[in-house]
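Read through the structure below, which is laid out as structure tokens, and then see the notes.
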Amino acid sequence: MIQLVTPDYIKTLQDNMHKLAEGVLRPISRKYDEAEHEYPKELDMFRGIKVMARPKKKKEGESSTSGEEKKPKRGANLGMVVTIEEMCWGDAALLLSFPNAGLGNAAILAVANDEQLERFGNKWAAMAITEPGAGSDSGAITTTATRDGDYWILNGEKIFVTCADRSEVVVVWATVDKKAGKAGIKSFVVEKGTPGFTLEHLEHKLGIRASDTGTFVLSDCRIPYNNILGDPEVKMSTEGFKGVMKTFDNTRPLVASMATGIARAAVEFTREQYEKKGYAFDYKKNLSNVSAVEREWYLMDANVEAMRLLTWRAAWMADNNQFNNLEASMAKAKAGRYATLITQRCSELLGPVGYSTQYLAEKWMRDSKIMDIFEGTGQIQHLIIARNVLEMSSKELK
Amino acid sequence: MIQLVTPDYIKTLQDNMHKLAEGVLRPISRKYDEAEHEYPKELDMFRGIKVMARPKKKKEGESSTSGEEKKPKRGANLGMVVTIEEMCWGDAALLLSFPNAGLGNAAILAVANDEQLERFGNKWAAMAITEPGAGSDSGAITTTATRDGDYWILNGEKIFVTCADRSEVVVVWATVDKKAGKAGIKSFVVEKGTPGFTLEHLEHKLGIRASDTGTFVLSDCRIPYNNILGDPEVKMSTEGFKGVMKTFDNTRPLVASMATGIARAAVEFTREQYEKKGYAFDYKKNLSNVSAVEREWYLMDANVEAMRLLTWRAAWMADNNQFNNLEASMAKAKAGRYATLITQRCSELLGPVGYSTQYLAEKWMRDSKIMDIFEGTGQIQHLIIARNVLEMSSKELK
Amino acid sequence: MVEEISFALSEEQQMMQDTVRQLVQANVIDAIHQWDENRLLDKQAVQKFWELGIIQSMIPEEYGGYGMGSSPVLHTLVLEELAFGDMAFAVYAMLPALFVLPVVNLGSTEQKEKYLPEFCKESFVPATLAVNELSVGFDVWNCETKAEKKGNTYVLNGKKCFVPLADEAKHMIVIAHYEGNPHLFIVDKDTKGLSVGEREKNCGWWALPTFEVTFENCTIPEINKLGDETAFNWLIQRTRTAMAAIGTGISRASYEYSKKYAKERQQFGEPIASRQSIAFMIAEMAYEVDAMRLLTWKAASAIELGMDANRESFLAKIYAGEMTMKLTDYGVQILGGHGYIRDHPVERYYRNGRSIAICEAMAII
Amino acid sequence: MVEEISFALSEEQQMMQDTVRQLVQANVIDAIHQWDENRLLDKQAVQKFWELGIIQSMIPEEYGGYGMGSSPVLHTLVLEELAFGDMAFAVYAMLPALFVLPVVNLGSTEQKEKYLPEFCKESFVPATLAVNELSVGFDVWNCETKAEKKGNTYVLNGKKCFVPLADEAKHMIVIAHYEGNPHLFIVDKDTKGLSVGEREKNCGWWALPTFEVTFENCTIPEINKLGDETAFNWLIQRTRTAMAAIGTGISRASYEYSKKYAKERQQFGEPIASRQSIAFMIAEMAYEVDAMRLLTWKAASAIELGMDANRESFLAKIYAGEMTMKLTDYGVQILGGHGYIRDHPVERYYRNGRSIAICEAMAII
């Protein structure tokens, strides 16, 4: 039965996460924006907390329909997007800097075997996909992995790696067979300190400056054969690649909730500032008969709500084992785009207060912009949605 | 030297045309919107006025540098867009119903030989290009013209013909050689009453209802050989087709000024209505510190000005013999899109007054929409602009 | 205690959605263009909807109804499906609810006894609500129709517009300002001082007869005031959410029609959907229709739980207002010249779609 | 009597445009990224611009200038070219005009004699204008810095932000409210009660030092009031048009850079410009840059003719403010991840571009 009022347990989660964001992240938000790339040591308190964990395997003989499982499904995905929205209300770049919560950790948890989990499960893992020659075109990867007995030899260059400096291992995407196209693409765990694995430099960015984005060069980098994640065999289909891409179905709602969190921060700040000037926001009147700030504010508030609901739906579907590829892209497309529009409109309404670094509004305007770019640009998301609803292939709709 | 303040002679023209629009068109605007397709007999007063005329050929011996010509160039194109903006402030559908001012008349004036000018120069001429199977794709025309001695035999169907009912002759685009592609496309004058030339029906439309848009069927329609406009020879290049398409460089600024006229009508009406409620518009304050209506209104006013200036530039370039293909599309792209956005925002700000037919605001919201569609949709205009500035061919950028 | 969130329809909701969808498919889709051109819909289709018993279900058994209560969420589903067919049809078919729901929820026993039984009959009973006024930037919270107390009567003065079926409505609820707030007053047909004007002409809703209604010292008994000073706030949350549901339906119709068209229509040798400029419009329509619906459902969920939904219903309405304008515009643009012709329904969606942002309270959930 | 309209540059205008464009190309384009990162530009580049004599030309010969008068249209051309290189550079290089032009046009003979000669020297002379205030939704017509008349002095109280080069400026014009209107007051360096704060950090303009400036019972002689109650209106039209010219320059830079990138960058085997979603953004940038420029030129034309240009300058600024935001956003989006990195200038255009809508009066024409 349709029921979209926020349930009490989610409200409790929101409250708790909000306090954390307000108490821990907000106070250091500006500091680490200015100290670009410096590790926020205050985040060490999160190192012990298992942000990500693999669901425990059932022990033999354990009933698969225990009493607990009959309860209504309260899934991890919805909890995750709720948490992330609050954290990004605090600071998105700091969220991206949480220890042991890299994209690589998600990949390892998803597909590593027990032996790999043992070796890498407790290490901070970054993810290296993008190359200088290929942005949104993940299928065009040119980094190679060549087998040499008990080793793989990796060669190539990887850019836009989040947590490049702070991570302990990096999950690197490479092809084992260029002729095989997408089917040849596999992922490998490369440990920091491996000879031939160099962090070239860290990027200076428009926003999310606390996050250390970097470029790696792999030059005859030799890693153990067992560091390959998933099936080493090249199958003559793109099922494997699609499997890898599926990780993104899960990360897109996360990015959408990041966007929602930043946009909400800007919208709330704008409201507070104008309330101090004596404006009242009461959700009643006709949009024409209010001040310019109120009109804009109501529309932004509605859009933040739309971003959130699209995101929650995608997460809820994942929690209920529904295929959410389309809905994940919808959330990302909407939230990514509108986060930028909303934060910049807030700054405009605020005037000089929206431009000076004495306040955080200008920072949100910069941070939010990445949400329409990483994990697939807005253009890519629109393509995915359009192909899906039009039932057209990537050849029919380029 | 750059000088964009409206010159006095243009102001005089604006004033005169405005009086005409206010005195003659506005009073019958609603009447003929409701009497869809009925000929506005009040427009007969314009029948005698030469709205379009071919520049007189110089007589032999006449100096080409007479005293008059030394004066700064005050071209026909700028005068035309200024006139059209005022007329469409009055009523766009009525402007499209002006006797003897059809698109076909423009084509005849541009390329007819003396004998043809004699026969058709004083007749109301419509233009028939679009076919059911081809919208923006003028090169895909399938109506055929086959030579049969002293005649052409035409077969095909034409849709979206403006002044379909009221016109006396129709300029029909047809191919004389399908294999030749665009090079085979020619235009022919077909007189009403010719056997095999049937006006199938008139279209009921969203807006510009006073204008009689119709569908023609040509079924073994036999016309004199001399009714072909321009060179009958099929050259193995698309120069001829490009020549035909060039007429559109001249019509695009006209459509842009139509869009500007309608948008301005809506913007002025909205201002008047709100001034009656005590609002003042003084062009001074910060956009955040005004009412919602003022903020929206200032932005619309700025956009109307932008539409007008882009249009005037394209016309001014034509008057000064500069190639304005790009600038014509820029004016059309901007004005076509924003006319719709502006008129609908005005209606929204006006509330029920923007929806009832007791006022004209709802009509402008409907009329304006065609401006982003006919004479090349907004999408086509953006393609033209993008190919031009990116220097890409129609193969490279589809 | 709100326990769970759910984006899925229950079986009952699914069944209702299917039923209304089928009814619209069978009775409205093919006929609506002609109804629109004729400026009148076929009352038989309305009667068929009436026979589903949705209105009668809202009425308690003691007054002759089915006593099923009313579910705001269910009603948003119904309205979306009806508006998918046509907004005029949606307003027309659900019109009696605009009278019945306030009486059921806000009325005194006396009022319920007097009015509810006649809505339990086998035929559609016209009743209506007079809210909108033909004033610039009309603000419903500050309407110009006034009520004045005189002895044991109220005297109404003012003018309303966009009142559906005012000519045949047996009763109407009139929103008038009284003691600083909008209030609800019941005015019966043939009350002195109530005059119904000529049928209005509007940009859209051609299949729906609407009227200007004038109140000139229109005097009604004291007992005709419906609810207290909180009544209007009760009403407006439900009507705003209903407008959002209608906007969702219109927008979805525009989206689905233009999506199908874009796949079929060939230009330059390929379907126009293969161009990103068209495909991205369709993608945007896809997620904005969903966003509108989710905002609507959230407002309806809050109302259903008996919570204050001022914010949720306001956001749902303004969002649907802006987006319906945008999406119905996209629909016409995707069809190009063909979209401008009344043969294709996107033209009608465009005209009707403009009213969501412009009007208040044409339906209720 | 306005005789003709013209969209073409005169020879003189063309020459000036070429000169400044070349200067920017030779001295700014390659260096600006480092200046921006270093938070300071190379003053030699400013000095080279100074040596073009544009500021000195504005000053009448009797005060040591070239006495060429000043052309608002010409200055918009100059500002667009400078801002095409960098906004911080544009503001910095043209800064003395913010002091000189008001004195030339509004000043008494005494003021002209006192201030103008020092701007005719061979080296750049820092002088500035204090307008903006760090308040929510700052409205320049209702600024909070106040002037009070006391005997034959004015006493200023208040706080200004975004004052370029306040630390080294020999003089500044301060906008303060007096008798219901904003007025212009000249405050010399080291005046008691004037204190310049730490260098500000802002979203953009990294190569430009700006400061918060506080006035605490800052007392200046009566004769330091510049112009009458119409002076501010004279000023704001010229500064708004100048902001529009800067917006045009930034937007054009973003447009040209991302256009070139889109043609070169390959993805899925083709340049990304071959996708309509990218190509249409570029098309929109192309005509919006032109539209911004035409609105700017129109305002400047009106000012040049000595007409009231309140409407024209306001429209030019708000249009440029909205569009610069949109177009610099497009620039980053077209480059995708690469646009987010400070190695590409679209990142800087994005940060600087946000200030057109947010600030008043960083330059003058």
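Order of writing sets the chain letters: A, B, C and D. Residues in each chain are counted from 1.
The working rule: a residue touches a chain if its C-beta (ideal position, glycine included) is under 8 Å from a C-beta of that chain, and two chains touch if they have at least 3 such contacts.
Note that the structure is a prediction, hence the values are computed from the model and not measured.
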If you tally C-beta contacts across A-D and across B-D, the winner is B-D
So the chain most remote from chain A by C-alpha centre is B
Dist(centroid_CA(chain B), centroid_CA(chain C)) in Å evaluates to 39
Distance in whole angstrom between the CA centres of chain C and chain D is 52
So chain D residues touching two or more other chains come to 137-138, 275-277, 280, 321, 357
Note: chain B residues in touch with at least two other chains are 286-289, 293, 348-351, 379, 382, 398
In their shared complex, chain A is touched by residues of chain D numbered 37, 132-138, 161-162, 200-204, 265-268, 275, 277-278, 321, 325, 329, 332-333, 336-343, 347, 350-351, 354-355, 357-359
Residue positions on chain C within touch of chain D in the complex are 275-277, 280
Touching chain D in the complex, chain B uses residues 1-10, 72, 74, 78, 282-289, 298-299, 301-303, 305-306, 309-310, 312-313, 316-317, 320, 327, 330, 333-334, 379, 381-383, 385-387, 389-392, 396-398
Interface with chain B, chain A side, in the complex: residues 286-296, 348-351
Counting only contacts in the complex, chain A reaches chain D at residues 34, 130, 133-137, 140, 159-160, 203-207, 213, 273-274, 276-277, 293, 340, 344, 347-358, 362, 365-366, 369-370, 372-374, 377-379, 382, 398
